[in-house]
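All remarks here apply to the structure that follows.
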Amino acid sequence: MDILVQQIVSGLATGGIYGSVALALVMIYEATDIVNFAQGQMAVVSTYLAWSLLNAGMPYWAAFAATLLISFVGGVLLERTVIRPVEGAPVLTQVIVCIGLLVIFNSALGWIYSYVQKPFPSPFPERPLKVGNIYFGAHDIGALGITILVLIALYAFFRFTTLGLAMRAAAQNPVSSRLCGIRVGWMLAIGWGLASLIGAVAGLMVAPIVTLDPNMMAGILIYAFASATLGGFTSPGGAVLGGLIVGVVENLVGTYVRFIGTELKLTVALAVILIVLLVRPSGLFGRAAVHRV
Amino acid sequence: MPTRGLRAALMLIVLAAAATLPFVLSNFRLFQCAQVFIYAIALLGVNILIGFNGQFSLGHSAFYALGAYTSAIMIDRWSVPYGWTIPAAGVLCLVAGFLFGIPALRLEGLYLALATFALALAVPQILKYFEHWTGGSQGIVLSKPEAPAGLKLSADQWLYFLTLVVLLVLFLLARNLLAGRTGRAIVAIRDNPIAAQAMGVNTALYKSLTFGVSAAYTGIAGALSALVIAFVAPDAFDVFLSITFVTGIVIGGLASISGAIFGALFIQFVPNWAQDISKAAPWAIYGVFLIGFMYVMPYGIVGAMRLAARRFWRRAAEPSAAAARSRG
Amino acid sequence: MALLEVKDLEAQYGWTKVLHGISFDVEEGGITTILGANGAGKTTTLRAVCGMVKTRGEVRFDGRSITGRATEDVVRRGIAHVPEGRGTFVSLTVEENLRLGAYARGRGGSLAEDLEKAYRYFPVLAERRAQLAGTLSGGEQQMLAVARGLMLRPRLLLLDEPSLGLAPLVVREIFRIVRTINQEQRVSVLLVEQNAAIALRLADRAYLMETGRVVMSGSAADLREHDTVRRAYLGY
């Protein structure tokens, strides 16, 4: 029983990370109909940035804050410079641009930092926490906590601020938004900035677990896709919840089912995707697409 | 507008040039050309589904793999003459594609992309799992087919002609298919499926058939690649191959048949050029090329050509239109 | 000097030219209507004023040129456009829609006051303020769209075919409210309508468009009496 609770909490921690990346994917998809294949890679760039700052001697939380800020700005700039020229182009063209970004980032990181795996520090203590009879990894709890904080802040931003409202409007109906005087282009840019920021948090939380290398987020991106599919690609809350579920399921399956090795763990993610799509394509919380005739 | 006669003449010139190349180029270059033809066939298949029919698939690497392994296993295990493996791969993939197309009917756009993405991801693992048939991670080694007796051609020259002929046949087939009623139905389904259905088009049947045909094309390409490369191994058929195919059709031009050749040229040669430019970060250069291309030609090469042609013919027509207005 | 002056306006969608050089004015405080059948280019005219299509020619608002300016900038100068089809944010609540309408207006004046004003003109919206806009009826959505435009505190209100798809009683109610807004808030109105009868009852000035050209103009009363207009557009 204790192991079960432990594994669930551990699963929630990784699930929170999957959910964060899934959230970033859903945010950009909602606003632009683009699936940003480069999302994971952008998170890795942020994580390497943090690594460089830490190596230069910056204290952890300062580096954390700086990385988040730079990631946000970077995301905004990326949208305004790289994505903007193809804003009116067909969706597939924009997707190809994202793929281009993916390979550029991956290759550049490999060139600058090499493909050797680097350990990444966790801000949380080594010693596990003891609650009742159960030991919990401090990093797991900490990562989960940080993820929840970021998500609450984001929710509050979208729900209660005017800018958040304007961004939601711009994502749903750009034409009407322009008629309200909203600068839709900049709303998109801020959206990318936020997605980048979320990705950075995810990267910083996952790097201590899997060690840092340019391909770090590849597997996680696939889990993020599974999470977003499960939760519904049109539901930000669903994406996060989907992530938590996928994380827990992955962990439990890995612990309790004997023949699932690491290779086949990925198959779990794929199975989730396929089953959800066959049974209920719009996911748990997604809106079924209504076709106006 | 250019006459059909002019277009036909151009085609003949290009074909004549293509026919003489094998006697001019080195074996390695011929190998690369055959590769280009093979990619063009695969891209034709992918474009029929995505460009013309609007069903988005990231899973065509699976059909490519199916075709390649069909050919490899038939040659290696059952000693079937290689010529027969090509249509066999085509038929098998036609059926497989059609069968896959049936559950795919329930999925739209993004969701179909995700499902096919998952499929493509699973393929290398599945190939490695069924070791007995596929040779596992080691793959299957084949010997390069020699030219039939009587033809004084090297293996590479023969394969060049073989792939070229298959490409031409499939190209003409695709053109005829898409120009007629079937083609219009396929495009109608892409543009407005409900209206198409209301007009009596059996959307379910057409969509599944299109999936099948598309898979067949890609499968034939896969079979040919097994012959040309003389080797099949699981890791060559990963999801990145599917992404490469999609890249190819976007570069070449969606919903365009001639675009397949341009796309194939891009995906074959640009990675090599990128490597020439920078040994350290070749994919970064490739990414830059990719993005730059999309800026300049968001509708692909064929799209840009059509736009240029339209502008050209408009300007040519304008003086006469102005004259007509002043008269009228 | 009229509030809105349009001279030789041309507009096209892609390669197709839709407006072939039209000219009209909207006087400050007045209600001007543009009539015409389907495809005459009325909606395109409003879109052209707001910079939503490629244009040539001249558009001056309050003496300053706004030709070719981005939609967001045109709106910020005090022109509210209630588009064809309402353009409501269907996944947001009624009140959120109204708040968005106020996004571009300058500082000064409280948002709460403006909301109260909107609810006074359209009481049915007050009842449904927390409802998703997509659940409102067609008439209610049209009212929401007009109210949203009003939140901008505009000097000019562009109305694109507000009667489309609505029952006659609802249309009459909306037009009554528009007249009240015009009189009480001194908001000038440019109304584009297929329903010539009701438009001519509301407006002071009228223009008639056919296939991208203005073919007739005058006071609304004059056009109401004009033979051709009566027979072709008013049905008697």
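As written, the chains take the letters A, B and C, and residue 1 is the first residue of each chain.
By definition in this document, contacts are C-beta pairs under 8 Å (C-beta built on N, C-alpha and C of every residue); 3 or more make two chains touch, one makes a residue touch a chain.
As the structure is a prediction and not an experimental result, all values here were calculated from the model.
Overall, the chain located most centrally, as judged by its C-alpha mean against the mean of all protein C-alpha atoms, is A. Chains A-B form the pair with the most C-beta pairs in contact. Separation between the centroids of subunit B and subunit C, computed from CA atoms only, is 51 Å.
Between the CA-based centres of subunit A and subunit B the separation comes to 33 Å, rounded to the whole angstrom.
Averaging C-alpha coordinates per chain places the centre of subunit A 43 Å away from that of subunit C. Residues of subunit C in contact with at least two other chains: none.
Within subunit B, contacts with two or more other chains are made by no residue at all. Across the complex, subunit B is touched by residues 29, 35, 82, 85-86, 89-90, 92-97, 99-104, 106-108, 110-111, 222, 225, 229, 233, 263-264, 266-267, 270, 273-274, 277-278, 281-282, 289, 291, 293 of subunit A. Within the complex, the subunit A residues that touch subunit C are 162, 165-166, 168-169, 172-173, 175-184. Residues of subunit C that touch subunit A in their complex: 50, 52, 70-72, 75-76, 80-81, 83, 87-92, 96, 99-101, 103-105, 148, 152.
Per the touch definition, subunit B reaches subunit A in the complex via residues 50, 103, 106-108, 110-111, 113-115, 117-119, 121-122, 125, 194, 243, 246-247, 250-251, 254, 280-284, 286-291, 294-295, 298-299.
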